[in-house]
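What follows is a set of structures to go through.
Heads up, the next two complexes both have chain A, just with different partners, chain B and then chain C.
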Partner chain A sequence: MKKLFHEFLKGVIKENPTFVLVLGLCPTLAVSVSVMNGIGMGIAASFVLLGSNIIISLLKNFIPDRIRIPCFIVVIATFVTITELTMKAYSPALNRALGIYVPLIVVNCIVLGRAEAYAQKAKVINSLFDGLGMGVGFTLALILISAIREFLGTGKLMGYTPIKGFEPAFVFALPSGALLVIGLLLGFFNILKNRKI
Partner chain B sequence: MRNRLIVNFSPHLHKDESVSKIMWMVVISLIPAGLAGVFIFGLNALWLIILGIVSALFTEVALQILTKRKITVLDGSAFITGLLLAYNLPAHVPFWLPIVGSVFSVAIGKQVFGGLGQNIFNPALVGRVFLMASWPKYMTAFTKPFDTVTSATPLALLKEGKLIENISWLWLSEAKPLPSGLYLDLLLGKKGGCIGEVCILALLIGAAFLFIRGYISWHIPITYVFTAGLLTYMFGAKGLLQGDWLFHILSGGLILGAFFMATDYVTSPLTRKGQIIFGIGCGIITAVIRLWGGYPEGASYAILMMNAATPIIDRYTKNRVYGIK
Partner chain C sequence: MSVAQFLTIFISAVFIYNVILSRFLGLCSFVAISKETKPALAMSLAVMFVTTMSSIITWFIYRFLLIPFNLTYLRTISFILVIATFVQFVEMVIRKLTPPLYRFFGIYLPLITVNCAVLGVAVLNIDMFFINGRAIAGSFYYSVFQGICVGLGYTLAMLLMSGIRERLDFCNVPGALKDFPLAFIIASIMSLSFLGFNGFRF
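And then the complex of A and B:
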């Protein structure tokens, strides 16, 4: 049990997909304009990650090694389609806000990366916790980035205005602001990591 | 008797110059433009300049203490960054704008890369572009000279097509007489604009000082101004070769950028050939943005883009080492 919990925590901190593995930056840059978008994207990607990790881990003995990538993509695309149709049915506003980036989860390198690097070699239960951890890590990273960007770029947080009279710096709502925030956060986490050792 | 003969390796030539001396000389050369700006726009401009400089120096010290590096705040580079950033602001912006801009310039534009000599982009321009993208409404709220009424810059008027009534440009092609004193006003700085960019005469005095002392060479600024002038002359008006090149050279941040920002040692090419390419590139981009782009002025973006191209220019214009094929 402890080992499984460790598997889970690894994705959140030690191998955080955004800040340590630096994977999946395209959706991170694109959708982290507001916290709501960040949470939506994080949950969608987590669901796909969890599902694909479990299925690929289950099928690992049946997938021929040479054509494993197309097989992984088929499994991932199935889950992405489920996610997209569900999102369209129950929260069309979020689906509109995330736009093309929901179907693009298919090629999100976190999902494919975990399938390739972990799920195809590990036990099902381990893969489940790995996927869960990576999903939570991705979601937390997205929430952090989008909270900074939403506050600095529009002066709001989840739609509320925390500080009156704050003049938002519009650049943080632009893609260049996303690169800036992610770069500075990466540097900050690297400082933290180096200090521990 | 002491032995006066010193045996040493080359180089034997020694010049009484250092990075910090050159930096302070550039500061001196920028003073006339600042004085002119304060004279034209009032004391508020002086406060903005002081705030910009103080916060740039403070950021430099704070970051060097924080990262446990040698404190080199007195070498003048942070001073210049703060000064140039304030020169790039309209005269009546809120007081926190130069502070935020200076902090961003020094922290993100310079110290993140490792301090003086390591930055790829001109720090003051990084700050300016950041402010421009963040608070465009303040950065484009220019005031009239000797007044606090808002007015547009000549280039903005040109872009909006309002110049036809105010000052001419299309008049040239329509063969109407030019309003007298337009170029003199542009030269002396009686126009809307940023604090340090308006008085072309003062900038040219400072630039002449730098030329005479040999701190800048003609290769970047002259090719820059010439290319921008040539392109605006060729394509500036409806017909070919009818543009008002003098108007374009004398307005906006072209002179400030060409003589004081594009010539930054750190972010411009090392070789003469490279510097000429750099200047021509800046001129082309500036003219393209002014004539066909969305912004009225493009000097800052032009210099930043060519800053990004500097490493590749340096690579292709490497001097041949003597004795090697």
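And then the complex of A and C:
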């Protein structure tokens, strides 16, 4: 049990997909305009990650090594389609806000990366916790980035105004602000990492 | 179909909604391969070729396979499979026929399969040039042209970035910002300057 918890925790902190592995940045930057979008994207990607990790580790003995990448992609694409259709049916507003970045979860490096690096070798239960941890880590990173951008860019957080009279800098809601925030955050986490050692 | 429409597609795909600096597609390769100009150029050309070809292929699949059989919900699966197969095929052909060309950009080809820009263009084409499941007039030409333009936008951003990063080698950079973080900050400033093109509204 302790090992499984460790499996879960490493995705959140030690191997955080966004800040440590630097994977799957395209959706991270594009949808992090508001915290709600960030949470939606995080949950969608976590679901795909969890599903594909489980299925791939179940099928690991049947997938021939040479054509494993196309096989992984089919599994991942199936889960993405499920997510896309569900989102279209139950929250069309979120689907419109995320736009083309929902189908693009297929090519999110985190999902394929975990399939390749972990799920195809590990036991099902371990892959489940690995997927869960990575998903939570990704979602937390998205929330952090989108909270910074939403607050600095529009002066609001989840629709509320935390500080009265704060003059927002609109540039943080623009693409350039996203790149700046992620660059500085990566630098910040580098400092933290180096200090520990 | 008009010249003005093509001009709009060109300017918006290359400058206003640049794949990398505004839509964030293909960021991974952008940051990883832009350290020197020559590999950056090879990668860009490979991406441009694949975006163009995949625009053509996915248009045909969508128009003549998915729409008539009412299978549009299979868009994502079919597109990514076709793109992956196509890239693999091109890699084999190049390796067999022109070894020098393979050495020039062969190693970057497999990376393109999971490059968001390629699938992104295919999905964008469908979103923009099909209305209510029907192709608008000239949608095929628009799609192909948009594929080329997105490739051009990628090349532009890649060349600018690699030029800047080559000079950065001579600079004294704070340790924590080395490599990735600095690349993102530079990209941010580039994106800010590209914002100026937003004034072009049609």
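Definition applied: the second predicted complex is superposed on the first by the 197 of 197 C-alpha atoms of A that agree within 3 Å, B and C clash if a C-alpha of one lies under 4 Å from a C-alpha of the other, contacts with A are read in each partner's own complex, and residues count from 1 in each chain.
Here is the rule we go by: a residue touches a chain if its C-beta (ideal position, glycine included) is under 8 Å from a C-beta of that chain, and two chains touch if they have at least 3 such contacts.
These numbers were taken from a predicted model, which means no experiment stands behind them.
S.K.: Just to be sure I read the superposition right, which of the two partners does A:F170 touch: chain B = first, chain C = second, or both, or neither?
M.R.: First partner only, chain B.
S.K.: If you stack the two complexes on chain A, which partner ends up touching A:L180: first (chain B), second (chain C), both, or neither?
M.R.: In the superposed model, A:L180 contacts both chain B and chain C.
S.K.: Looking at the overlay, what does A:V22 touch: chain B (first), chain C (second), both, or neither?
M.R.: So A:V22 only meets chain C here.
S.K.: Once chain A of both complexes is superposed, is A:M158 in touch with chain B (first), chain C (second), both, or neither?
M.R.: neither
S.K.: Looking at A:I125, would you say it contacts chain B, chain C, both, or neither? Reply first, second, both or neither.
M.R.: neither
S.K.: Chain B or chain C: which reaches more residues on chain A?
M.R.: C
S.K.: Can you list the residues of chain A that touch chain B in one structure and chain C in the other?
M.R.: Residues 171, 174, 176, 180, 187 of chain A touch both chain B and chain C.
S.K.: Which residues, counting only chain A, touch chain B once they are in their complex?
M.R.: Residues in contact with chain B: 167-172, 174, 176, 180, 187.
S.K.: What does chain B use to touch chain A in their complex?
M.R.: Residues 100, 108, 112, 130, 133-136 of chain B touch chain A in their complex.
S.K.: In their shared complex, at which residues does chain C touch chain A?
M.R.: So the residues of chain C touching chain A come out as 21-28, 31, 73-77, 80-81, 84-85, 113-116, 118-120, 123-124, 127, 174-177, 180-185, 187-189, 191-192, 195.
S.K.: Hey, which residues of chain A end up touching chain C in the complex?
M.R.: Contact set of chain A toward chain C: 22-23, 25-27, 29-30, 69-70, 73-74, 77-78, 80-81, 84-85, 100, 103-104, 106-109, 112, 171, 174-180, 182-184, 186-188, 190-191, 194.
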